[in-house]
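So that you can tell them apart, the chains are marked A, B, C and D in the order they are listed, and the count of residues begins at 1 in each.
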Amino acid sequence: MSADLFWILVSAMLVNNFTLHLFLGLCPFMGVSAKIATALRMGAANIFVLTITSLVASFLNAYVLPHAPYLRLISFIVVIASLVQIVEMTIKKVSPTLFRELGIYLPLITTNCAILGLAIFQTNRGYGFLEGLAFALGAGLGLTLALVLMASIRERAELADIPALAKGMGLVLIVAGSLSLAFMGFAGLATP
Amino acid sequence: MRARLSFRHGVHPPEHKELTAGVAVRRMPYPDEIILPLRQHTGKPARLLVKVGDRVERGDKIAEADGFVSVPIHASSAGSVRDIGLWPHPDGSMAEAVRITVDRFSPQIPRPRIIPHWEGLTPDQIVKAVQRAGVVGLGGASFPTHVKLLPPDDVTVDTLVVNGAECEPYLTTDHRVMVEYPERVHHGIRIMLHTLGVSRAIIGVERNKPDAIEALDRTLPADLDVTVQGLTVKYPQGYEKMLIRALTRREVPPGKLPMHVGVIVQNVASLACIAEVFETGLPLLERVVTVTGPGLRKPSNLIVPVGSKIRDILGFCGGLADGATEIVFGGPMMGASQPDLDAPVIKSTTGIVVLTRAESRPRRTYPCIRCGHCLDACPVFLNPSLLGVLAQAGRYEEMEEADLATCMLCGCCSYVCPSNIPLSQMFALAKAGLQRRKQQAA
Amino acid sequence: MSEATRDPISAGDPLLQLRASPHLKAPDSTPKIMWNVVGSLIPVIAAATWYFGPSALLVIGAATLGAVLTERAFGTPGSLADGSAAITGILLGLCLPAGVPLWIAFIGGAFGIGFGKLVFGGLGQNVFNPALLGRAFLQAAFPAVMTTWPGSPGEIPSWSQLRGDNLAIPFASPSTDAVTGATPLGLMKFESTPTDVTRLMIGDISGSVGETAGVVILLCGIYLAARNYLNWRIPVSIFAAVALFSGILHLLDPARFASPLFALFSGGLMLGALYMATDMVTSPVTNAGAWIFGIGIGILVVVIRTWGGLPEGVMYAILLMNALVPFINRATQPRPYGSRGRRAGREAPA
Amino acid sequence: MTGPENATELVRHAPGAHEAGAAILPGRTTTPGYDFLRGVWRENPVLVQMLGLCPALAVTNTVANSLAMGLATFFVLTGSSLLVSTFKNWIPKEVRIASFILIIATFVTIADLTLAAVVPDIHKALGAFIALIVVNCMILGRQEAFASKRPVGRALLDAFGTGFGFIIAMVMMGSIRELLGNGSLLGYSVFGDSFEPWIIMILPPGGFLTLGLILIVFGWWRGRKAAEVPRVRRWPHGVASRRAA
């Protein structure tokens, strides 16, 4: 059981990395990856929200959606958005420092495809409560890893003589492609 | 006990000391003209005392110390003041200088004792006498020596470190001083220990000068705690901080002086000079200069009057050989190219190195390939590779965060860089740029 | 000039140069390093030709041509002379199967230089090793071709026979009538059959063009390390990590996991550790970083070989660690002189 | 619910949204033609504004998938724009983002169920990405930036243009990737049997690399064009002067 959870985590983090192989969470990956510090915070915020989302999705899947499957998408998006909003307000009240660190990223994350993607994938694969948590954690870690790698590469590239043509998104996409190629090395990484 | 002492990192440029290492010091005849810039030391330039047409004797004070961090300047030859005005300075600028026409017929007789005997003087009186003699660090830094002898009350100095490393390629000035005047060095140490109230002195000599080590050992005074330490041959072994690290295992924190870790560093030539000053009673008038390099006909070690022009010295050494392209004051690693053959030797000039095209040919610069050789060379453990990239992007503030202040511009990174990136030059510019920005902000 | 001339000016007519210090320069230069690496690869290429016949030369040549032409077309003018494009091409050629069609080798070289190097701004700026990026691209693009290994040299009837459909028309699939074999790693992974280590060392096995002759590569690498053209810490830490990690696994289950010596000399580990991982541009600048980098590669190699879907993981391990290099560099900045107490272990007082 | 400050955050942070927002500041008028063409090419959501990258990379491995995704998005976009601009005066400002999302989600659900019924194969291939149209920043961005402030006709034009631009980008990506990755277009073999497919093109790295290359080539092309005819913009009458103002 725990081995299964571990491989779900590894799979979501490395083998089927959310950003590099499933193209989820590309907006922060492109937009908030210029500096390592912000990338780390964005990653942390993502892990946090993904975990909550997984819990909510498990709950919805278990108790609400069996009665109204066509409401799946709408209920996911509404519940996630409101939950993130509540979390944001709570953090703001409880820990202003943490809010300064993560707060501004939270609303951005709400409409991040990674969050909704997680909920949908989790449902499609029929993950239970614990599996969902492992999946969310793996996805979050994978997102953070991709973000930090991209940020460190971009920080380096910022000082380099990038040809004018490749500056900006062109380079980011090609770096992402290269990272994605490198991550293919994890393909097939699975339970021995 | 003679363990191999050194610091970490550093480089091994070819030494080329064989050109002059065995050549005994000769005295150069007085040239026709002496140029004495008023700025020959770190600190405030000296204040002029003479006017055009004045007759000066050898040893006469022609400019006096202007404040505590300043020393007087003395006429190194008898003659008459021909001109006072701007003149090429070895640092590349034009600086105010006194131009003295040497009296060809003067016997250059030593004047009556100007500096008193040191025996019986209090440390304070000795310090005053050293300042009056116009002594500065002769190792190239040209910091007024007397300033170092008055540590503030809150620091305790326990060791005198004597710098005989002479790590710059080509130069043999200190080497010859140690070989030929070891007693003077020891005498200078004795005066210093007395002045500082310190009991221990360590002389650090690179191991490529066995005869110097031998000479110093032979003349070791029995009543003093002086040791001679052989040091690994490596540049920049003679840099103060590296020497302290090698001999005492102490590190001088950034922005602090050696005295803050209980050490005073004196160059062997400065010590010999102090000893000579108190022996002869004359101020600092001449110094040993290595004139050498592949572009010179007769490489020599010379005693030259301070203020002799490059032109005269090179002439005495047989002139330039074919293919000479560059004349460097000081060692080739940190020295400065001279644009003008009329620039004079000043108190801190350790050597004149004439380089040829083989050394000075322009090399193409390539992009940084991140080989990391500069990190392995940097004696103060900086990341020149990163600093260089930042310098190119003009990000001086980030360079400051990357400890640019610790950089001492030793040139090791530039020396090893396979891509010929002028790293230390860029760092010097960045330092200057930062200072300018700070001044503008203030 | 006669002895009479005392005036220095007339002696040599010096046009006095003004340069910033230092006025001396170490003899190494970037092109010299690069061409030395190229030169050190000649024995490896020779060994490759010995084992894989003219195919080896063709494949290496096509990959190099792809790299060099791309550099020539899109790179800064004159950048060919620094030799880095040639290294990329040769290294890429050395890690391809001998039987690949030449057009595929060419595309790999072009991709490696174009997307792996020039997009980042050319020499010194790239994040990923261009040769390996080209190799990874080909592996993903043409997985079947890239895993069709020629038979080991002993199985080939004559030396001069091509080891596959090298001359396939561009963009066409190669025909599949050549003698094919399996690499020692493949045999180990899929059939649990270890190969004799001596054969691995001398290279009498199936595999990529230039990665089979382990001892030759090792000797060439030692030459480069001796001349300080590669950071010896990287290969040493890779070897140590691989030997240790695979040794532990071997002790746990000798039947399933190969011995450390097998792990060291099989696949592309020698070539990767000595030539790819040590690429100066894409490896950490700090020595502490080099250790971390090497250990990371070693661990990833064993992880991918043991638990991954592929028998060989050196290429991916190096690429993944390449991506981490900017991060490693930041994390292992040297502590400057005088800031005692917060100094890293590397600079600890000797 | 997501408040108004979230919306501004969202729009501000979406790459490229900056210029898009600036173009429709109140008080500035645009021609209907411009409203349509802007989205098609000049401010193409994918190629210029870098919005909706997730589907543009994830499902463009074949032309058929790209087209289906493009059409589904087109449908959702026009439907939502129509609804939003029709009811813009009834939607309270404070909950407008939430309302937009609800409207979008409704249309996505319709599209999802329709695709599942009509083309089950493609629906299966697109998988979760149909549902993910909900969070396509491009759609929400058009609602917030345009449809909620403009009359129905203009909002529809804008949605048509943007949706069409999205389809163009999708099909472009899909064609390149299918052609190289499979040697075919819309399933019909182009190069014949002997073609060695470049599998990478239909794998994730191929998506990134293709889009990256397209951006570089477009940049090069634009740069060349700008160098040839400096300062002259071939856009409908009035547009150039407005942009210059």
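By definition in this document, a contact is a pair of C-beta atoms (placed from the backbone, for glycine too) under 8 Å apart; a residue touches a chain by one contact, two chains touch by 3 or more.
None of the values given here were measured: they were computed from a predicted structure.
K.L.:
Count the smallest number of chain-to-chain hops linking subunit B with subunit D, moving only between touching chains.
P.N.:
The fewest steps needed to get from subunit B to subunit D is 2.
K.L.:
When A-D is set beside A-B, which has more C-beta pairs in contact?
P.N.:
The greater number of contacts lies at A-D.
K.L.:
Taking mean CA positions as centres, which chain lies farthest from subunit C?
P.N.:
Most distant chain from subunit C: B.
K.L.:
Counting only Cα atoms for the centres, state how far subunit A is from subunit D in Å.
P.N.:
Going by mean C-alpha positions, subunit A sits 22 Å from subunit D.
K.L.:
Could you give the separation in Å between the centres of subunit A and subunit B, each centre being the mean of its C-alpha atoms?
P.N.:
Taking the mean C-alpha position of each chain, the two centres sit 61 Å apart.
K.L.:
Can you give the whole-Å distance between the Cα centres of subunit C and subunit D?
P.N.:
Whole-Å distance between the two chain centres: 42.
K.L.:
How far is the middle of subunit B from the middle of subunit C, if each middle is the mean of its Cα atoms, in Å?
P.N.:
47
K.L.:
Which positions in subunit C touch two or more other chains at once?
P.N.:
115, 119, 121-122, 124-125, 137, 140, in rising order.
K.L.:
Residue numbers in subunit A touching 2 or more other chains?
P.N.:
Expected reply: 160-161, 166, 170-171, 174, 177-178, 181, 184.
K.L.:
Taking each residue of subunit D in turn, which ones touch at least two of the other chains?
P.N.:
In subunit D, the residues touching two or more other chains are 200, 203, 205-206, 209, 216.
K.L.:
Which pairs of chains touch one another in this structure?
P.N.:
A-B, A-C, A-D, B-C, C-D
K.L.:
Which bits of subunit B are touching subunit A when the two form their complex?
P.N.:
367, 389-390, 392-393
K.L.:
Once bound in the complex, which stretches of subunit D touch subunit A?
P.N.:
1-3, 5-6, 9-10, 13-15, 50, 53-55, 57-58, 98, 101-102, 105-106, 108-109, 112-113, 127-128, 131-132, 134-137, 140, 200, 203-209, 211-213, 215-216, 219-220, 223
K.L.:
Going by the contact rule set out above, which residues of subunit D touch subunit C in the complex?
P.N.:
191, 194-196, 198-201, 203, 205-206, 209, 216
K.L.:
Give the list of subunit C residues in touch with subunit D in this complex.
P.N.:
101, 104, 115, 119, 137, 140-143, 145, 168-169, 171-174
K.L.:
Enumerate the contact residues on subunit C facing subunit A in the complex.
P.N.:
Spelled out, the residues of subunit C in touch with subunit A are 115-116, 118-122, 124-125, 127-128, 133, 136-137, 139-140, 300, 303-304, 306-310, 313, 315-317, 319-320, 322-324, 326-327, 330.
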